[in-house]
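You will see two complexes here that share chain A, one where it goes with chain B and one where it goes with chain C.
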Partner chain A sequence: MRVPDLQLHRPTSLDEVFAATQRHGEYDLLGGGTDLLCNYKWRLNVRPQVISLRHLPELREELGGALAAGRTLYEVEHCSILQELCPEVPRAASKIATPLIRRSATLGGNLHLDTRCWHFNQTAEWRMAHDSCLKAEADQCRVQPVPGDVCVATYSGDLAPVLMGYGAIAVVAGPEGERSVALKDYFALDGIRRFADRRSGELMVRLDLPQDASEWTVRYEKLRLRATFDFPEGGVAVAVRWTDGPGSEVAAARIATTAYDSIPRLHEDLAARLVGRCIEEELAEELGASLRDQVRPMKNTSMSPAYRKKMARVLCKRAILACLPSS
Partner chain B sequence: MSRYTSTVGSRFPLIDSMEKSSGQGVYIEDMRFSGMLYARLVRSTEAFARIDEVDFSQAAEIEGFVAGLAPGEAGTSNTFGVLPISEDETPLPAPNSLYSGAIVAAVACETEVGAREAALRVQVRSEKLPATLRPKDALRETDHPIHSNALAGTNLHKAVDQEFGDVDGAFEGASVVTGGEFVFDGINHGFTEPIGCIAVPESNGRLSLYSATQVPHYLHRALAKVLEMPIHKIRVYKPLVGGGFGGKSDPFPHEMVAALLARKTGRPVKLIFDRDEVFLNNHGRHPTEYKIQVAADQEGRLLGLDAHSRIDGGAWGSFGVVTTYYNGVLSQGPYRLPSFRYSGRRVYTNKPASGAMRGHGAVNARYALETALDEMAERLKLDPFDLRAQNALPPNTTTLNHLRITSTGFLECLERARERSGWDQKFRKMPFGRGIGLGCGFYISGSALPIHRTRTPQSTVHIKIDVDGGVTIHSLAADIGQGSDTMLAQCVAEAMGVRIDRCRVMAKDTDTAPIDLGSYSSRVTFMAGNAALRTGEAVFRKMQRACARLTGRSAEGFVKGADETYVHLDDDGVVIPFMDALREALADNGALIAKGAYIAPKLGGAFKGSGAGLSPSYSYQAFVAEVEVDPETGFVRVEKIWAAHDCGKALNRLAVEGQLEGSVHMGMGQALTEQMLYLNNGQLRNGSFLDYKIPSPVDTPEIEAIVVESNDPEGPLGAKECGEGALAPIIPAIGNAIYDAVGVRLHEVPMTPERILKALERKRKIQEKAGARP
Partner chain C sequence: MSSNRRILRLNVNGQPREVLARDADTLLDVLREECELTGTKRGCDLGTCGCCTVQIDGEPVLSCLTLAAEVEGRDIITVEGLRDGERFAPLQEAWAEAGASQCGFCTPGFLMAADRLLRDNPDPDRQEIREALAGNLCRCTGYVKIVDAVERCAAEHRAFCVARGRTVAPSEQV
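== the complex of A and B ==
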């Protein structure tokens, strides 16, 4: 299996990136390559121009800080600043893929992971036999074959729900300068388009955390068949800020999911039901059941939608209870 | 007198381990030939179709395109197959393509990238035919049978019916009957090295095929048939092989295609599969439906076994006739059965072929039997170990279907697994969610019946020793990572009384090696080991005679001494170094040569199918698994495995332990996570290592390998097999441990979290219903 012929650009500054993106209409940005190049080997939406982000200081810790988009997942996992500031981020990073992949894969890459579907993530020959799908060469979704419908491929990044729990803000750079957008508003519910308000030539350079990030307790529960390697089949992050110390009444809360939609999603209505209450088994169970009723997993990953839905309850309950200091 | 210190039972690395771990080892992907072309296969987009036309015109526009190979060209419709009784494969469709992903045509180009591009451009015109995808549909009459040799106008490939003893009487008189219906998904071998080969036309009209194969000899035969060439005009060469597990034990269409392309172009042709193609080639374990009933009296004495299997053979015959028998006959051990009935049906379907995989034919049936025995022990309030022990086959006996039982360490396996696992302190005593289970097993040490009717020995080994003192061992036993080269070297070194590093093994080339049938049916240690031992002994006798000439002492009085010497029994001061003896042996003769061979003894009864399951000896297992089950998710964490295996004699303890650990890991995959999944159109949907879930190292528990040695009287230095039998018992051990943990018996394998959770929910509903009754 070989990566098809392509032109690789290796800019060393953001300006060079913007120049390249403006020069080439069709391009892909390359972080660690552990997602993109695998897709390329299967001839999935190959673009002739690929712009490497590896040599940009703005995406490294020197300029981008602890949550610079170009940091490898290994660096995120072992970063003492993050372990202090937002410990669930390195913990979630440690659950991604395998140690070898984490040496190459990046924080930005995990956030921008292409959506996945068993009708899409297949070889070119396989797709030829299957008439492919909306996200590749055809005009119809194989999961929900409704004409004109959006792609329902599944988002499988692990870090997005956790960072949403901390209230992370994405900093995006473009030819017009930098802008910030709350991570929860960064994505659009479409397995192909994936991002809201993505402007030409832009790229995420880092994430910022709000001042109060360290006051939040965040826990992430991940569903996967094997204890390593696998993408999440479901993932729930629960974040709480206590009124009066760990285990007291909840002052503010966030609940975010991954692998249940084409994007990571914040469930604000559910989180609101935690506010003003102390976490107890019954409450966790109740919110888990509500999340189970909310999520609509598609039949396009390894585990069945029915099972993944059931597990939303368990993941949510466990993540809520894991926030308690006694856990 | 300082005698030779045997290496038997010690722990030492395989002789090729440095070559492999340093990256110096040569696999098929590493090989290059001058002027070599790269081939790429065009695969079917339909589950079943008649191929009418293949058009290479667009492919030919690719720079570097050299040739295409299409159905109808010379040799492409010649049949072959590993079993002479079902040679139903052809290199290319003739004219029907039998499954989605089957090979339809091929291209050869100057570059690999070009070949990939060209293959995508080949146009295939075909007529879609009604596909048969479900085994139960394959038993119906059809106007479109997948093969013309299918039985009774259906897609039935093989039917086996056997009955011994009074089965109906046994069940009528039984105090307890257990069993049920079981379903097993198909699985793939998951070897590391993808399949590949290089065909090289030689200047003298010969053709060489370099291939990652387990069976160079069968490949040699198949090539001769397909190419219609005298077999001596063909050479098969096996480089290092990165795992096989049965998945490289057939001659395959791609090997024929590469050879035909090489002949057509007159240039070497290299063909390496991508991983998804390995899954499409498959020949993995048959998807199986299995129905079993086991009868016993009140004391737990087994009275009878009644079993029925329906196995999904996919598109080709492969080893399927053998598999159909093995699903029944290998359930005749390790327990004494007074009556036995079995019916097996193998069907063709429009899916990738099933074939041999580690533990061939015995694994799914074993799960069903061991689960039924666990249930029986519970019904009779007997400990599962006690039930098995009281029914154990004794040594030196014969089963109902005439399997000859010689050595058995089964009772010792049971005793040691029970003791080491702390069974008596744990079974039915641990908290809800934690469980322990037992699974046992029994497997052949090589099939006594050769595939082809021939009087040629099943294994022959040659040795050559010249003035350098190096011992060159020629064999065609295929080392596929299991360590057979090391075993051959050890057997020869033991027989001759020399160090193992003096031996070099050339087990790779049909031009220089005598016939060995290859690496399948767990036969190599027993058969090639015996041949190697006999060859080494023949050399030793020559050395004894040389020592006698040097000293004037009696030849038979010389025995193996320390540090590569020969010492006379009558006078331990008479010590002849190996090199001195060798020089004397070489004088006037030139290089020493010797050969030894092994033919299995004539075994078995006179009934139809009596050859299936016959082996010169059998291995035995008793495995215990301890698991933690999460009742809320259905997830199973295997905490520890105790694996007691009777291997006759551990020639190399490190290698035996490695085989046991590998078997456990592979069996765990089938038990919990691995399954080949298809879309409704017959397309495989999880043909990658991301989507086909082989357990990771993180999922693998601590494994305590317990080596039991029954010293087989006919095994080489007492050894029996240890590479395959050890896979089967781990699956029921885990299943029975799950039952101990949470009280549900899984009748579907793999036992995925989803299936376990469903079983738990069913149980809960039944309990609630029962509780709700007044």
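== the complex of A and C ==
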């Protein structure tokens, strides 16, 4: 399979990126290429201009309290500072795809992973034979065919729920300067539009972790068919801050999911039920059951929606219990 | 759209190469069709199988998902560059001795990934080998002998170091 013709731009500064984005209306940003080039080979939403982000020092700054978006998942996985500061981020990175993909794929790329669907991630020939889908060439969704529908393709990034657990802030740069957005507000519930309030020419440069990031205990549980390569079929991250040391009463909590919607989603109502209580199996079971009732997986990935929904309970319970020091 | 082409200056297996390539050409396209280095295999072409693995500045990378224009000026090593002149690399010898190739199509990718593993960790256990090679698929399913081969190479390398009374890189073991 050949990548269709395109013009590649290799800017070496953010100003050059903004100049290129303003000059060309239709473009894609290229990070590691492990998502975009697969889509291009399958003729999925190919843009004539591609702007590489590989040569930007701003996206390659040292990992630490800030996570530069251009760092590879391999670098995130093996960063000793992150292993101290927010150990679940490198651990979640180690569960993404394969070691070879992690050498190229980037942190920013994982957060911006294109939403996936059984009817979208197919060859051009397959899509032609099946009337394609709303996210590609058709005018109606094949998963939820109702008039005026939005795309329900599944968000499959692993790092977003974990970073939401740590309260990460996305820093985006554009021609008008930098601005910060809480990661939980970064995404839009539409598998095509994908990002809320995305302004022309903007790109994510880094994620800032709040000062108290190291005080949070975060655990991420992932459902997938094989122990390697697969995208999550469901993912739950649970974050807790203890009142008085690990295992004590929960002072603050966050619960986030991936692969159940077109966005990674924070479940603030569920997390609130952890606050002021000590973690016990019964509580974990109860919250897991509530999460199962909240998630609405679509029939657009390998596993059945019913199974993925059932597993939301299991993943949530496991992640809550894994926060306990004895685990 | 007319195709965008440019002359790329690549450094492949220690040799400078100038090739005319489309902006959209992957490193795999250029290695196989312009450089005629067909040891690097085109398998799934989507990053799933690892057959196209090469090393860029020493790191194993999927050449099917890397645009050639993105690696200008960097050191590219293909499976042809593993051997030292007329001699196979110790890892290649171990592969042959362990019978780790069946149809052989996946072998170049496995060799490039395993070579990096042994440079990072000269004494891996079987689990570490399996994890490091988790991005490479063998459709003949000959994984046991592949892990055996890496283990054998590591053991021979250790014995070599003991005999010499010093630590050397696996690639220097000739």
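Quick note on the criterion: the second predicted complex is superposed on the first by the 322 of 327 C-alpha atoms of A that agree within 3 Å, B and C clash if a C-alpha of one lies under 4 Å from a C-alpha of the other, contacts with A are read in each partner's own complex, and residues count from 1 in each chain.
To be clear about the criterion, contacts are C-beta pairs under 8 Å (C-beta built on N, C-alpha and C of every residue); 3 or more make two chains touch, one makes a residue touch a chain.
Keep in mind that this is a model prediction, so the values were computed, not measured.
By the document's definition of touching, both partners, chain B and chain C, reach A:Phe229.
In the superposed model, A:Ile101 lies in contact with chain C only, and not with chain B.
Within the superposed three-chain model, A:Lys310 lies in touch with chain B and out of touch with chain C [touch as defined at top].
Legend: residue contacts after superposition of the two complexes on their common chain; A:Trp118 is shown touching chain B, with no touch to chain C. Residue contacts after overlaying the shared chain place A:Gln22 against neither chain B nor chain C. Looking at the shared chain after the overlay, A:Asp5 reaches both chain B and chain C. Within the superposed three-chain model, A:His130 lies in touch with chain B and out of touch with chain C [touch as defined at top]. In the superposition on chain A, A:Ser302 makes contact with chain B only, not with chain C.
Contacts of A:Gly33 after superposition on the shared chain: chain C is touched, whereas chain B is not. Annotation: chain A residues 1-2, 4-5, 98, 227-229 touch chain B in one complex and chain C in the other. For chain A in complex with chain C, the residues that touch the partner chain are 1-8, 10, 30, 32-34, 37-38, 40-41, 48, 50, 52, 54, 97-101, 103-104, 227-229. Listed in rising order, the residues of chain A touching chain B in the complex are 1-2, 4-5, 98, 118, 121-126, 128-130, 223, 225-231, 302-304, 307, 310-311, 314. Put simply, chain C touches chain A in their complex at residues 1-4, 22-26, 29, 45-48, 50, 53, 59-62, 65-67, 69-70, 113, 131-136.
Interface of chain B with chain A (complex): residues 43-46, 100-101, 112-113, 116, 119-120, 274-276, 632-633, 673, 679, 681, 683, 685-687, 690-691, 693, 695-699, 752-754, 757.
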